[in-house]
Amino acid sequence: GCATKPVEPLEVAALNGPTGIGMVQMLEEMEGAENPKYNIALYQSPDEIVGKVVSGELDIACVPSNLGAVLYNKTEGGIKLLGMNTLGVLYIVENGQTVQNIEDLKGKTILSSGKDSTPEFVLNYILNEAGLVPGEDVTVEFMGNHSDIASKLMAEEGTIALLPQPFVTTVLAKNENIRMAIDVNEAWNNLNQMDLPMGIIIANANVVKDNAKGIEAFLKDYEASVKFIDENLEDAAALVEKFGIVPNAALAKVAIPKCNIVYRDSSASKDSLNKFYEILEQANPKAVGGKLPDEAFYTLQ
Amino acid sequence: MKLSTHCNKKIITKCWVIFFWIMTWQVVHYIVGKDILVPSFYATMGKVFELLGQANFYYDIGMTFYRVFMGVVISFVLGSLSALMAYFLPIIKELFTPFVTTLKSTPVMAVIILALLWFTKNNVPIFVCFLMCYPVVYTSILKGLQEVNKDLLEMAYIFKVKQRYILKDLYLPQVRPYIESALGMIIGLSWKVVIAAEVLAVPKYSMGYNLLSAKSYLETETLFAWVVIIVILSSLCEMLVAKLIGRGGNKI
Amino acid sequence: MKLSTHCNKKIITKCWVIFFWIMTWQVVHYIVGKDILVPSFYATMGKVFELLGQANFYYDIGMTFYRVFMGVVISFVLGSLSALMAYFLPIIKELFTPFVTTLKSTPVMAVIILALLWFTKNNVPIFVCFLMCYPVVYTSILKGLQEVNKDLLEMAYIFKVKQRYILKDLYLPQVRPYIESALGMIIGLSWKVVIAAEVLAVPKYSMGYNLLSAKSYLETETLFAWVVIIVILSSLCEMLVAKLIGRGGNKI
Amino acid sequence: MIEIKNLSKIYKDEFLYRNFNCAFEENKVNVILGSSGSGKTTLFRMMLGLEKYEAGQILGFNHKKIAVVFQEDRLVEWMNVYDNVAFVLKSSVEKQEMDKLINKALELVELIDYVNYSVKDLSGGMQRRVVLARAIVCRDSILFMDEPFKGLDDELRLRIITRLKVHWRENRTTVFLITHSQQEGMLLGDIIYKLAEKPVKFYKI
Amino acid sequence: MIEIKNLSKIYKDEFLYRNFNCAFEENKVNVILGSSGSGKTTLFRMMLGLEKYEAGQILGFNHKKIAVVFQEDRLVEWMNVYDNVAFVLKSSVEKQEMDKLINKALELVELIDYVNYSVKDLSGGMQRRVVLARAIVCRDSILFMDEPFKGLDDELRLRIITRLKVHWRENRTTVFLITHSQQEGMLLGDIIYKLAEKPVKFYKI
């Protein structure tokens, strides 16, 4: 009887940013399909995704990597890691020429968004490793969202800020005095010999158990979509514009390669993710939901 | 003849006032000196007309308007009904007071996760709008009811006038200024709140989403253009409601 | 003796009401069935007491309270002053109407970057609070002034009573219900808005920041604990203001 | 029979009424005289159930229809003359009959030309006459009138009083009438009571 | 001399006053009689500058102090008796003198025992007496009185009128008094005017 029943589409959520870009090909395929395999929705803020993951409304979701650990702990193992989809996209940008390396930040003020999330922890980590104490040697001013920082960066000369892609590209395109001063991901790589995981794919544990085939198919499609972006930048940029992730294709063409969109399955992501969580936990256990996720988070059975 | 000169004079004053504020805007523009922070009036108007030419624009407005409308209607209806109940039944008042106080001061952000769970994306802004507007309506109308002339109520009671006439002919005209002031407050508030909530919940068709993307992409002119459009729409709503109320009954 | 029984009865009603809402909370908790969405009353209270034991807690509260206080005072003072001016000078009213309409419907998000530029981080929430509360005060008090009894004003005018006595003895008592309703509305509103703005501007010491991190880490119990604290603080403020107003003059 | 038994009423720790007893006759015009501040209006308010009293009973009003001229006008400011009168009728009377009744009442008080005037546009005496019309329009009601002719000039007052007298005789209306004018009392009253001050005593004249 | 020249006033497209002329004497009590709705209050309001008129002039009031008993009470409900009277005085008189003046005025209207009563707790006639006190407390003012003794019983009214008569004679007060009672007019008036209706004509009696 099972075969005759029409398959329920998987409910998929991604953020309206790099994680969404990774799925443009799937979005395109699902549009107008008779029996779509997936229902993909792009969300603006993680808040929405959180509620729906907890209530079980969503089957698969792309979330910032620390939120994955938090959700895993708070739902007591109700979710599982499917893979890593975005690597580091953070840059320190400057409206001026004073900062060439991390040590130059001494005595300066950095604007940053993402209080209590990945940007804060990463920034603190690399500053500490460079021998600078955040709050003493460097002032970090947090602001509510990226665009406020971007505006301020453009309006005031001498501003230094920590920004993610694709904002960096947008800002650079708008004002030629602004430049990328430090590639934070590179700095992280140098310190840890590992990638900086920014975004991951998670799934509802029940769905993983009951619909293993569907999940597997999804991951295949996702991988294909990532490959498509890598190989057909032109077409991908057009789609990114079409789904409203970036306002125009020209900008998207510059931004996409910088967004570090990848696909690594759960076992391949485990090490770098675990390392990342360890660093977070040392900084603030709450950032991973109280404790490190255990083995079950990484295994799909 | 006399009336029309009077009207003309009023319109002329209005024009001067608008001119005054536009000048103020331009002065601020020059003082700040950065297009990305405060664009000029001229550039903003250009964007407004550009927007007016787009088909999607009307759909976005329509959806947002629908949310504002629902938010206002729901909070107004529930607000006045519960104020009425609270006025007539002291026990309901006792029950509602802590509830309304809570609503009044619960930060939207704190319940947004819950809200997103309970409602679909499209309706979250309506809920948030309700959360902000309901206490305003309730507080204002309850106050109005409490200030109703007791002498007239005694009179109607003695003459055994039916409750429905007492409500319609005595309460309504006296509570009307409070209703008007509540409506005046929530119409502006609702536009602002619905759009703020749209920025959080990002329904597909919405003005909030446009505002957000204008801001994300640092298109300050577009941002200002949207603000201008919002202000105009909200004033239109207010005028419309004032007209409707004005016609609905005689002035007290 | 009689008074005290009356008081006792009132307190008992209050207790029942609070009990009722706590039960409702628990019922919702059981229905939703997920601690991370709706924690139990018991767990929330536990968190509240945990927070009460922390030293930083009081500093956060103090700073937020300062912002709420400033926001309320500034918007109340400017709101009533401009309503007074608008009432007495028609030209000012003409000038202010579009300004207030604009304020009423301008989405906060759209001006936050300007605000961050003009004010320091610590003061942005005050500005945002002003933006939300000022139109409420203005609208309500202007309405109140327009509803003042004209007969008494004529009387005072004929007897050549000084303007200051007219304001104090005739206007004030009649506008008081409107002032009260405005204050009742903005005190709740201001807590909510200040905290929302703190989430946007992230000043170092603030309740909004705590709320935000509770939310980021999905510590729903802490989140609810903060909401409880906010509601209690805002009710206390409201009660305090009601006391002050009640003492400030005789009831109309 | 309308009876008041052992009525006591205290204002500011002073007895205004103390073990007060009296009986009024039905289908008659009961006039109540008394100096300013003696307690006439308070008596009315207690009989109407608008004022609480410390002890005693007031009997005879069960389920009877009542119409009142309050000492103050209590007109509904934002309505016109017709609507003010109609307001007390429309809960019990059909539209068509109402029109007839209202016209009759307004003719009696000589305001038929002002039906559509807003009450704010009337002179003080005219407003008082609307109040009067609002009470007498109620047929089969016990009438309570607290200085109904206040502010009317002598001639007009006499004309109205004469008409009312006929009208009340015919319908055997029960009326309670407070007045300050002995003349009015004499003209209209079947029985006249005079109040002596605190605590109130009653004298039949 | 207070003069009204060619005054015209239109209400609802009808002339209430049309080319109306008259002169009142100062330091005298000018009584104005006229039936209900004839235009007395309107005349007062025009003289006081509270009502606009279509044409004409009213002369003789420049910078004079004025006190009024309006036809309605216009008491400040949320104040007590003392404060209601003090309200019109405190802009021009010292606290100490004010006390004396208020006491005298309240004695004249027999309300001295009620100084601290809230006006809401007074009977209708007592409220009217407060209104009266509020006007006569203003020395050196031209008095405008619209049915000041409305709602007072005959005896009290006579006592008050007698006192006022002496008082006004002594101080040569200019008074404009509207009344419906011929008797009051006779007792108090130096000159009596009678209004004939629309458009108003004046007869000196």
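Here the chain labels run A, B, C, D and E in written order, and each chain numbers its own residues starting at 1.
In this section, contacts are C-beta pairs under 8 Å (C-beta built on N, C-alpha and C of every residue); 3 or more make two chains touch, one makes a residue touch a chain.
Labels paired with UniProt names: B, C = ABC transporter permease subunit; D, E = ABC transporter ATP-binding protein.
The structure displayed is predicted, hence computed values, not measured ones.
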If you walk from chain to touching chain, how few steps can bring you from chain B to chain E? 2
Using the touch definition from the top, list the chains contacting both chain B and chain C. A
Give the chains in contact with both chain D and chain E, ordered by label. none
Hey, which chain ends up farthest from chain E, C-alpha centres compared? A
Averaged-CA centre spacing for the pair chain C and chain A, given as whole angstrom: 38
CA centroids of chain A and chain B: separation to the nearest Å works out as 37
Centre-of-Cα separation between chain E and chain C, whole angstrom: 48
Pull out every residue in chain B that's touching 2 or more other chains. 37, 113-114, 117, 199, 212, 215
Multi-partner residues in chain A (2 or more other chains touched) are 47, 50-51, 54-55, 147, 151, 155
Using the touch definition from the top, which residues of chain D touch two or more other chains? 72
Going by the touch definition at the top, which pairs of chains touch each other? A-B, A-C, B-C, B-D, C-E, D-E
Spell out the part of chain C that touches chain E in their complex, as residue ranges. 151-152, 154-156, 158-162, 165, 169-170, 173, 250-252
List of chain B residues in touch with chain A within their complex: 34, 36-37, 112-114, 116-117, 121, 199-202, 209, 212-213, 215-218, 220
Parts of chain D lying in touch with chain B, wherever the complex brings them together: 48, 50, 65-68, 70, 72, 74, 76-79, 83, 87-88, 90-92, 138
Using the touch rule from the top, collect the residues of chain E that touch chain D in their complex. 11-12, 33-37, 40-42, 71-72, 121-126, 129, 146-147, 150-157, 180-182
Residue ranges of chain B touching chain C (in the complex, touch as defined): 13-14, 17-18, 20-21, 37-38, 91, 94-95, 97-99, 101-111, 113-114, 117, 132, 135-136, 139-140, 143, 146-147, 177-178, 180-181, 184-185, 187-189, 191-192, 195-196, 199, 208, 211-212, 215, 223-224, 226-227, 230-231, 233-235, 238
